[in-house]
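Chain nomenclature is as follows: A, B, C, D, E and F, assigned in order of appearance, with residue numbering initiated at 1 for each chain independently.
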């Protein structure tokens, strides 16, 4: 598993850059997931994986882009798409999940979560027309 | 020298990622709540995607890229559905 | 590689067989899914497994080093058919649940 | 012909990134992009107006920087483990932003940034509930979101 | 590959596929158009099948038709081949001939009982025909799945708790079987390196050592699948429930489904596993399993209150008979078995369709009560003696005649083809000891005994049911039966009559079929040497000549 | 040719009668039947010259020549005599029945069955092929069933018919088996050959088998003990039927068979014992039982049994003279018994009862019939100057001879005399109780009178025959009997004389003893017999039919049901257990028998990362198995974990196509299962956690089975994977994929070209499943406890409802407000990606299937984002059209090759030079793949949407109380 095929053609700077980004990306991902296991509440845990989806992914994407661009001596940028899609789609899942959790907690009467639409806001904006 | 570093970096990255996957799987099994499991699955997906990308670098082939891209682009659909199920008890209304 | 894959197939098969012998339709469908993973991997494995030898032709690719593409094609067909039958089984179990009121595989609860 | 030029352009870029930058793929990609944007048109999404789209890179830059920063911050919290005490909590941020696309961008920004999570948007009260991992000062966070992101987004989208 | 006739081989698969696809463009309300498409397709299928039957029987002139179709024009062991020989042609004709009455019957009312009946029906035919034609193991799996998928849909056509419950079991068992199928096929590929049946037959002799063991294990697992489909005890408990739950025309066409398993066993056992060390084990499984199946089917026939279950158990008896007889592995007996297969398929098809008509006018609860009373012998005391005959309404008379015919066919009484079939098998079996002056094997006597007992059970059960249905409860309203529903049943019974009268030529065909099967070399050569279109080849001297 | 005509004519007549079913004319059917029978009689008579003195008429038609089954018709003297009997008495019975049958009876049916029976009987008589004989044999059983049950609204008739059919059916099956064995011994089914091979047969080890089986056939048909009891029960038939079938013809078929095979089978000790015991016991028991019958027809039935026993006994002896007597007595019995049955029928007809206890003094009312009956009874009793006397004398003569030294031989004279006495007694009783004594008092029909002359004519004719034969035997029956005898006995034909007077000898003394003893017996028992219950003392409650019914019900019903439920199951779990066990055993046993020994495991080339991935996968699989009962969502999520492991494996082991496909399928499957989860009942660990011992042991068994299967699969797959295949067909594909298939992605080229036919089948499966899903869901009815909206929605809706500033659906709208924007914008992106996957498939990982599912996910996402209404408002997806187009596209691409003279699915590939773009691959396989794409999109969307629609549908059903709740 330690041998890297095709890597012999890689110049040293590129190899080091790839190595750096790999270590950073994978390391951040691991740290994020450790947090995911160790943090006590769901609302805290939800922050942890974002390390993986932000710079964790970013690092690996960078490593891959550098590696293949240098290796094939032409710009290989399609990995950036992975970065973009992960960045765009992760919030969707996290938002939906967090909100669902909030609802479940409220339905169960969990005192640690804020209630639906705080009262003072209701008073303020009670007569406001709805958006859209 | 730099290649040795790269090799070790690669090993390190793979170990990190597979450990991360294992931790996600642990959370998946342990819960305690459904949302934890769903979030763990999402994390597992992302970690797997990264592992596959590292594998791509390791083999020097771009042909494994699509698999990662599919996870990156479509993996969230399953999580969305799961989350919506938790919120509404129903996936499509 | 073979060893790991074989153990994996074995565990998935065992879990799947255990589940399809359970009384709840949902257990059966999860079991069938696990079994189809196991079987797909089995088909995949029969041609012999190789890493980094995808059957994609190109300049300078030595054909003899590539992995056997036939099992892969078979697995693709098997995946599709497996998906189709899982969908079908799901709908049938829902229909049965709707008509009989229970999710027991026999359409009625067993006396304990 | 081109209901969403920006979308079409992005799709062409995506196509080229996937297939390689050749003339042939530029043509093919353009055809695909046109069809895809027609498909999008059938969904009739609220058409985002971006009068000042040229400010987008600035936003991206800010966000990238913030993400790096908060990556480090959150990582250090997690690595430090039980040793360092931190207090997480919910904050409610009232928003002036109404455009759904702009809200989506803000949500992406907030959520992508480790340490903050967009929980729920209340369209009646026009407030957003955010969970913050390391909540030292609630007002500071409110200011950050309103000042750093919302203002810029208001500028881009309205 | 030469001549337009060659392309006929693919027609039994393409015609229903296209018909099934075209049907999707029409709304459920355009029932007439749908029915027309379906009828035209089925008739065309029958025409093609009969044509192929003629060709396979040496009607096309030597050399013009070699019975092998190279799909995609790829040479034999690599691409998928379709093969028409006497056996597959026979099965094609049988399927088509059963399909026409079933379809006509369905058109009377059942096709409107749910969505997409006609498409599913066509796809079922496609699956059946594909399974009969293909010369490739994995392709066989695919067509099995086509057939089964369509059968799932058709089984639950009309919905209702009973059908859906039966469907759930049927599907679960078949999915498990499908997984075994995949394991078996891929194990064979993994150890022999080929999927083509003819190629496998060629290679199997050369495979040795551990690879041969694995191959045999794969084949054994595959065998389990076919035994499940064929309904061998104890793998057949799904069958009575499923078959008796299906609506009449569907159950009618299902009559041939259990024969697909038999067909494949016959094909593979003689082509690939005809000789070799493991042949004996397989044959014993068939023999004893078949006997157990006859016994179980017989018990079920006796124990059935509902006619549908009775018919389903008759399917088992039929399957068991075929399996046991194939287990004897004797040419003459096998020829008789083929005749029996045709006869029993037509019979059971007719019977399933008849049952629905017969039961239409009846109160289900009443008939159960009648059986119970009869069983405890209480009925006699309550009725006074009447010595004036009752005039039967014409409908009842026709139904009763058909019922009697089915009873005669199922129990193997003369003069219909059921008798000829049993006679052919029995005479072959008892003749088995004759050749080398050795005694008739004990297992033969067991099968003879079981066959006689099963016929007797059918007789007892059918008389009981017939009396209960037609005579004991005359006050039941006369069922409203359309000519369109009666005619198919009568057609099938008429076919069995024809089969009886033409027993000589029919048996001749079966004997030729078995002779072909016993000489796999011809089949193998035809497949392996089949010429590609448009490719100049300096290959062997003769690839043609028909098989 | 006349033979064919003779056999076919009655069947043609029978069919004609069926045609007459619809007419009202009773007379027409009778006349037609009469004409047919008469013609048959004449035809038979005409053939006499050819069969006289050992002549034979033979006709062969091929039927199943390979197996020796031909339509061989053969008439010799014996057959002729029997054919005369069948047609002659047949004619008389038709005549009689014309008057006997009631106005309301559906007469055409009766004559139809009767004629068909006659044809079958003629078939038995004339068969020259023993299998053909058994064909007609069974036909007589079937038609006798129909005739006995003619009054099927009468329970006794139904039961009697069924019993007759069951008994004679069993006999028929045994006979067939016996004849098969016989044919096996002889090597031919031709009767002439069989008859000529007597020595061969008797010497064969299978002789006893054949004999027993054939005897069962013959004895059941002829109602011999212990199979006799069906005959009295068959008396529920109309009297013409009894007269015809149960005296003259069908019951004679058994003894006919014994005579027919007499040359081939008789003469051995086994024959003597088996036939003899049956015959003697029948002779005596039948006569004894007959005395105690109260029903006229019952008496006649037992008498018939006894007389058939007499014939059987004669045949058992193996002496030619006995055979002559047997043949002769068959004829005589037919004449007097038929006339007696008809007389009984007239009595029944006129008085309305057959119960002798109610009948009395009828001679006054029915003088002619009474006289005729007396003469016939006298013949039955063996009174001199009547035909019965002569044949009985011959019997007595044979009885005193010694044939095979045994107990039977020694008791036979006494038994014969005793039976003779019994027969005198019951004959006397019949006459005395019915025709003499005081006038009847409680008749159902009070004023009996003589029937129409033509109804009586048959009896007159037969009684005349009794007299003629009895007085001048050698002039009347002599020559015909002789032809019959020599046709059976050939060179063994003995000297015999048909004289009335042989001087005073032992038989005559026996006759006298019988006559006197019988008369005395009747006088003694008269009073008892006039009052006793039906049936003989001691045996009254032990009727054979009762035992038979009990046994039949027990065996064919109670035991069968018990066995069915114990040998089979209607539950799914045991079935799946069996399938799993069978699969495991099939593999394990065949490996074990072949001597397979597992390879040592190779740990050295294991990639630890890959192993770690699999540790995770295995963990997830086990977790899913553990959680699936109570934590369905957890199981689903864990299943996803196992799935992603599979996917990584595919990538790791060089199968990028599989990885992509597996992933997209995984996603769709997850959504699918979630869509289904909503309709499943709540299941809580806390509620149903009581586990019985049997459940525990079942689980343990399943656990062992699961472990076995898992371990088996581990060993099996390890063995196969480590066993390289040197010359697989794969090398061909790798070689030709580019040069001939025009693609670099070999897997894809296999899918769309080399093995495109598989793919076509596979998409058909998908289409079928989608249609089935659609059809099922159209009829979907949720369980009562699932109809309500999920709890979450109820809470959220209630929340929206109770706040004045909120309107229904606000919660979900807010919930999706931001995410849905992103989900919408992903639509064109995913669609573009699908096109990308599709186009590159032929050369790189991708292809129609993965692209199709991806496209379907794009649609699915919009449903997730906006709900069914929102999405369908905007996207008009017509999945059925996509599917139809896809299938037709695939098929049409395949058929396109025909135009160029190539087989189905032959593809053409080349690279086209397009300006600006360069070389573009243009394989026709791409069109095929387009079909795949289209179908997959259609089918996947159809399945998902059909399922998703259920929520909306329920909503619509309940919509009245919450109108427009979810709408914009």
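Convention: a residue touches a chain if its C-beta (ideal position, glycine included) is under 8 Å from a C-beta of that chain, and two chains touch if they have at least 3 such contacts.
Source: prediction; values computed, not measured.
Asker: To reach subunit D from subunit C by way of touching chains, what is the minimum number of steps?
Answerer: The fewest touching-chain steps linking subunit C to subunit D number 2.
Asker: If every step must land on a chain the current one touches, say how few steps get you from subunit B to subunit F.
Answerer: So the least number of steps between the two chains is 1.
Asker: Would you mind checking which chain's C-alpha centre is most distant from the centre of subunit A?
Answerer: In terms of C-alpha centroids, the chain at the greatest distance from subunit A is F.
Asker: Name the chain with the Cα centroid closest to the overall protein Cα centroid.
Answerer: Minimum centroid-to-centroid distance belongs to E.
Asker: Indicate the whole-number Å distance between the mean C-alpha point of subunit B and the mean C-alpha point of subunit D.
Answerer: The separation of the two C-alpha centroids amounts to 22 Å.
Asker: Indicate the whole-number Å distance between the mean C-alpha point of subunit C and the mean C-alpha point of subunit F.
Answerer: The separation of the two C-alpha centroids amounts to 40 Å.
Asker: So, what's the distance in Å between the C-alpha centres of subunit F and subunit E?
Answerer: The computed centroid separation for subunit E versus subunit F comes out at 15 Å.
Asker: Any idea how many Å lie between the Cα centroids of subunit C and subunit E?
Answerer: About 29 Å separates the centre of subunit C from that of subunit E.
Asker: Of all residues in subunit F, which are in touch with two or more distinct other chains?
Answerer: Within subunit F, the residues that touch at least two other chains are 570, 572, 576, 580, 607, 609, 636, 650, 652, 656, 677, 713, 716, 720-721, 725, 728-730, 733, 755, 758, 762, 765, 768-769, 772, 776, 779, 791-792, 796, 805, 815, 818-819, 822-823, 826, 829, 833, 844-845.
Asker: Pull out every residue in subunit B that's touching 2 or more other chains.
Answerer: Residues 14, 19, 21, 38, 40, 59, 63, 69, 73, 75, 80, 82, 84, 86-87 of subunit B touch two or more partner chains.
Asker: Considering subunit A alone, which of its residues make contact with at least two other chains?
Answerer: 1, 5, 32, 34, 46, 53, 78, 81, 85, 88-92, 94-96, 99, 103-104, 122 - these are the residues of subunit A that touch more than one other chain.
Asker: Which of the chains touch, listed as pairs?
Answerer: A-B, A-D, A-F, B-C, B-F, C-E, C-F, D-F, E-F
Asker: Hey, which residues of subunit D end up touching subunit F in the complex?
Answerer: On the subunit D side, the touching residues are 7, 11, 14-15, 18-19, 22-25, 27-28, 32-33, 35-37, 39-40, 42-46, 100-101, 103-104, 107-108, 118, 120-124.
Asker: Could you pull out which subunit A residues touch subunit F in their complex?
Answerer: Residues of subunit A touching subunit F: 1, 85, 88-89, 91-92, 95-96, 99, 103-104, 107, 116, 122, 126.
Asker: Can you check the complex and tell me which residues of subunit F touch subunit D?
Answerer: 805-806, 810, 813-815, 817-819, 821-822, 824-825, 827-829, 831-833, 835-836, 839-840, 862, 874-875, 914, 916-918, 920
Asker: Spell out the residues on subunit D that touch subunit A in their complex, using ranges where they run on.
Answerer: Residue positions touching the partner: 14, 17-18, 21, 46, 67-68, 71, 74-75, 77-79, 81, 88, 90, 92, 94, 98, 100, 107-108, 110-120, 122-127, 129, 131, 133.
Asker: Residue numbers of subunit F touching subunit B in their complex, please.
Answerer: Contacts found on subunit F: 609, 612-613, 615-616, 619-620, 623, 633-634, 636-638, 640-641, 644, 647-648, 650-652, 656, 659-660, 663-664, 666-667, 670-671, 674-675, 677-678, 789-793, 796, 812, 815, 819, 823, 826, 829-830, 833, 837, 844-846, 854, 857, 860-861, 863-864, 867-868, 944, 948, 951-952, 966.
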